[in-house]
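There are structures below to look over.
Shared chain: subunit A. Partners: subunit B in the first complex, subunit C in the second.
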Partner chain A sequence: MTAVQIDAKGLHYTPLNQKIRAAVANGAHEIVIDHVLGQRFIGDGLRGDGVTITVNGVPGGDLGMFMSGPTIVVNGNAEHAPGNTMDSGTIVIHGSAGDAVAHSMRGGRVFVRDNIGYRGGIHMKQYMEKRPILVVGGAARAFLGEYMAGGLLVVLGVSGDPPITERGLGSGIHGGEIFVRGSVDEMYLGVGARQVAATDAEKKMIEPVIRDFARRFGIDAEPLLASGYTRIIPASARPFANKYTWE
Partner chain B sequence: MSIGSVPFKFKVSVDPERCMVCGRCIENCSYGVFSKENERIKVNSRNCVACHRCLAFCPRDAIDITEKPTDYRSHPVWTRDVREAIFNQARTGKIILAGMGNAHPYPIIFDQLVLDACQVTNPSIDPLREPMEMRTYIGKKPASLALREHPNGDVELLTKLTPNLQIETPIMIGHMSYGAISLNAQTAIAKAASHIGTFMGTGEGGLHESLYPYQKHMIVQVASGRFGVDINYLERGAAIEIKIGQGAKPGIGGHLPGEKVCADVSCTRMIPEGSDAISPAPHHDIYSIEDLKQLVHSLKEATEWKKPVFVKIAAVHNVAAIAAGIARSSADAVVVDGFRGGTGAAPRVFRDHVGIPIEAAIASVDAKLRQQRIRNEVSLIASGGIRESADIAKAIALGADAVYIGTSALVAMGCRVCGTCYRGQCAWGIATQKPELTQRLDPETASVQVANLIHAWTDELAELMGAAGINSIESLRGNRDRLRGYMLDESLMQVLDVKSVGA
Partner chain C sequence: MCGIIGVIDRKRRCMDGTGIKAALSMMNERGSGEGAGYVAYGIYPEYKDFYALHVFFDNIREHKGALDTLLDRWGTIVHDEQIKTYEQPNIRKVHTPWRYFFRPDRSLMPKSTTPDEDIVTHLVMTVNAAKNGALIFSSGKNLGVFKAAGWPEEVADFYRIQDYKGYLWLAHNRYPTNTPGWWGGAHPFNLLDWSVVHNGEITSYGTNRRYIESYGYKCTMYTDTEVVAYLVDLLIRKHGLSEKMAVRALAPPFWEEIDRMPAKEQELNRAIRLTYGPALMNGPFAICVANADSLVGFTDRIKLRPLVTGEHGDRLYISSEEAAIRTMEPDVEHITMPKAGEPVIGRVVA
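Presenting the complex of A and B:
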């Protein structure tokens, strides 16, 4: 058994996840879930390398939370916090997503074709070989990459509209890096963040990520690769080091 | 510098008659108080924090430490503490960082509550002779039971029970992370908790692999930084605790300074070595009580509804209404941490001025949950400033199911409450990650001491209960009639729902 079809119509998330877990336990590699309508926690805590779950519809919040290994492809928009505290695996969203996308994500990749809400990539972190990646095709709202402690965040503005037009970009960032296609108005930078133009070597570094993104959504990578990028990095790895004196 | 020097906090003296210049004080002091000069011990009192490590290891009792040897002009408003804080901030322009719990001399409500005992009209119970039920269960209890009787006389329970933690004593050990305390200290606590049959919290620092053998006695914490949290960690714990707030610093997050993030801490927290571990003030996926419910559900869903989920909050003004909201989030226990709760590091202004005492918080949370008929939906765990077994008896009589201890477990390992945990120089090897210091704490010995303390307190609790004619923790819980207020004002007695002594 490698392919499993699940009809989620009228199904609560717990029995839905039980069906998914059972399918994975039985060796399914392809799981297609139809008629998804707001069910939260799809793939929550799910393990399974080499498993692909296709979600047809609009999943509820915390899609793929604590997930370790599987790939989830959403044919639709996603609610808030897809990839929340995700450990590894991939989430591909053919649409937009809500607030706190990739919250505290520690590994794997989240690709959002269109736009995301507030606090995208907040407190993403990395450790050794685990480096989470969030790529947003459209634009991101305020506080993108807030408290970011590691990982890579790329915002592309594919449609040509500016990807960042709100404040708090990278506020409190103390690790990791954010690449924004084009330029970023200094007024949008959060406290503790600074911007530099991405060098050719740095662009080279993110090239495979952009190609992966473009391939998944069937768009042309070349114009994206030809553009200039702004790199948002921490002004200090110790943003709070000088705030305190001892009693 | 126009302020100049301020007086020593402590004055260290070495009695030359008794000192044999063995140098143990030099070896033991991690703050650099002692040195040897011309075959004599030289003292730099300014470095002393009064951790008593030198004194404890001086073979000749030659060391003496005096607090505040120099007087300021006394003044009831402009105390020494406020003047010194001003000097400090005038020099630095920074927030004052302090350690341990609330150091402000507020009256302690526990000390103004007295317990009851039987005389004549009802007999007391002798715990040596009679069974005392010290075991209790943490988690949801069903509001009613549905039963079906079979023709053969068997009774089948139809109600689906939710997972509970069984504790052999109402004393658990609260969350102190690996990072805030050393691995040896955590190991000692883990061994003690396993031995006693109770539980300990991991804190927000992940679970070190050497502690996996004790995971059945661990409550794994999920806090705003989500350090060390993955599905394996969640599945290892006996229960999961969402930390919203902490009594020592309600409303703010935490920063573990990079100096404390050594290779091993970095591995357990899953962050790079030497980087600051910053826990934001709120969880950024919880901006409302509905969001909290979502996090509780996400943790239960991830662990297939097999683990109780606790929510810990600091005791603040509206704690009762907040706890009632938590009880409806499908959480299994609410931990309320009073304003005397300990910490490795907190801004002094928060430690001393934000939050309310645990006694009032527990009483009002218990009352609110009973009013709303949802007391059975959650267990109530009291923490923050539990110093002795009498405090536990009083906390349970005010409505708690169990308590968390923290500082007292550290004191059982040698901590002298010097309050400088944030410096990472703990001479007792407890609140430090420096190998030369952590090796001073033998987890075996320390675990026996912690287990001894819990054992002794449990025995005392059984005696107190027996004297009051109570033979189970369940019967003590919320039993306010066994408390009386001594010199408490009427409004506070109303909150606590206790009568005055003599009434």
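Presenting the complex of A and C:
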């Protein structure tokens, strides 16, 4: 058994997740869930490399939380915090997502085709080989990368609308980096963040990530690679040292 | 955490409560079964000229007589009856919901320019502050709040809200955090035409309460949301602010944002912030406010609670979750997320 179809119409998330886990335990590699509407916690804590879950509909919050390995493809929008504390694997959203996307993510990749809400990438972290990546095709709202401790965040503005038009970008960032296509008005920068133009070497570094994003959504990567990028990084390793500690 | 949803039909075409019940129940993860409620506009067309007072009585025999006497003193009870309820396994009927259709006697407030509204407001404040076994939880014309302690579907079935038809609905699924859940603490909160549902916490409640009580309103429900209903009544009905300006007062731009505005805008926004400083609401919130002609949704200015909107035909939907809107209207279009602190307004055109 390698492919499983699940009809989620009217199904609560608990039996839905039990079905997903049972399918993975039985060796399924392709799981397609139809009629998803608001079910939270889909694929949470799920382990299994090489498993692809297709979600048709609008899943509820915390999609793929603590997930380790699988790929989730959403044909629709997602609500709050997809990729919350995700360990590894991939989430691909063919639509937009709500607030706190990739919240506290610790590994793997989240790709959102359109826009994300407030506090995307809040408290993303990294440790040794674990380096989470969030790529947003459209725009991100305020407080992107808030308290970010590690990882990589890329906002592309593919549609031509400016990727960042709200405050608090990288507010409290003390690790990791944010790449924004084009320039960023200084007034949108949060406390503890500073911006520099991305060098060719740095752009080279994110090239595979942008190519992966473009491939998954069937868009042309070349114009994205030809653009200039702004890099948002911590102003210091301990931006709030004087606020919370005394030396 | 709570779940909210509101819908307005701009042409005043009515919908029964079936859809909003399903939408609210879809967000049960946002509640704790300690409070749910609905408000519908347009449900009493045959009594539309009279104030529909919905009352929780602790005990009919002991407490109804006093309220009858008080209402008789301030006007005429055109009709009154028990609100039909249907027993539910998990709802303990600790109050008896009653409805009055009431016509205030204007001659009793000769110095007021809005005597009807002022008499009804006075009655609501007096009765609710006295806590004599009666609580008026709904007091507008041609609208009614239906709420209790329970899960959304239980409360809906308790009142059979599918039997009511309205062109504007709000609904709320409660997860009380700072005070115990009880019938009066369930949302929507209502005063006259205004109804409010709220997800979040108004941390400036103390300041807002002192401010609003200085105008004669009394906060009696042991929870923060009721100040919002009184603030919109003060700002919009009494002070004549537009919905947009009222939201600007409650969730104003930051000073540094005002500093960057064109001169005229600066002047207006400074004036609003300075005049209504004590009405500024802090803390995380997503709120829907309704009156007979409009539905307004807005969040706190750093967007600490979710809110999405969608449209279909003449209908505007505002909710905590897109899936809830899709439960009511699978073909909904233009799903968007309002910007922090900026109102989304739907207005009737017919």
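Keep this in mind: the second predicted complex is superposed on the first by the 243 of 247 C-alpha atoms of A that agree within 3 Å, B and C clash if a C-alpha of one lies under 4 Å from a C-alpha of the other, contacts with A are read in each partner's own complex, and residues count from 1 in each chain.
Just so it is clear, contacts are C-beta pairs under 8 Å (C-beta built on N, C-alpha and C of every residue); 3 or more make two chains touch, one makes a residue touch a chain.
As the structure is a prediction and not an experimental result, all values here were calculated from the model.
Of the two partner chains placed by superposition, A:Arg181 touches none, neither subunit B nor subunit C. Legend: residue contacts after superposition of the two complexes on their common chain; A:Arg231 is shown touching neither subunit B nor subunit C. When the two structures are aligned on the shared chain, A:Tyr127 is found in touch with subunit B, with no touch to subunit C. Once the two complexes are laid over each other on the shared chain, residue contacts for A:Glu166 go to subunit C alone; subunit B is not touched.
Of the two partner chains, subunit C is the only one that A:Gly98 touches; subunit B does not reach it. Touch criterion met: A:Arg40 reaches subunit B and subunit C at once. Within the superposed three-chain arrangement, the count of touched residues of subunit A is higher for B, of the candidates subunit B and subunit C. Once chain A of one complex is fitted onto chain A of the other, the partner contacts of A:Arg109 are absent, as it touches neither subunit B nor subunit C.
By the document's definition of touching, both partners, subunit B and subunit C, reach A:His80. Touched by subunit B in one complex and by subunit C in the other are residues 40, 61, 80 of subunit A. Residue ranges of subunit C in contact with subunit A, taken from their complex: 26-27, 29, 254, 257, 260, 302-303, 306, 308, 321-324, 326-327, 335, 337, 339-340.
Residues 13-14, 17, 21, 40-41, 44-45, 47, 61-62, 65-68, 80-81, 84-85, 87, 100, 103-104, 106, 119, 122-123, 125-127, 130, 146-147, 149-150, 172, 174-175, 237-247 of subunit A are the ones touching subunit B in the complex.
Of all the residues in subunit B, the ones that touch subunit A in their complex are 85, 88-89, 91-92, 94-99, 224-227, 229-231, 234, 255, 257-258, 266-267, 270-272, 275-276, 278, 280, 284-285, 294, 297-298, 301-305, 347-348, 419-420, 422-423.
Only residues 37-38, 40, 58, 60-61, 77, 79-80, 96, 98-99, 115, 117-118, 141-143, 166-168, 187 of subunit A touch subunit C when the two sit together in their complex.
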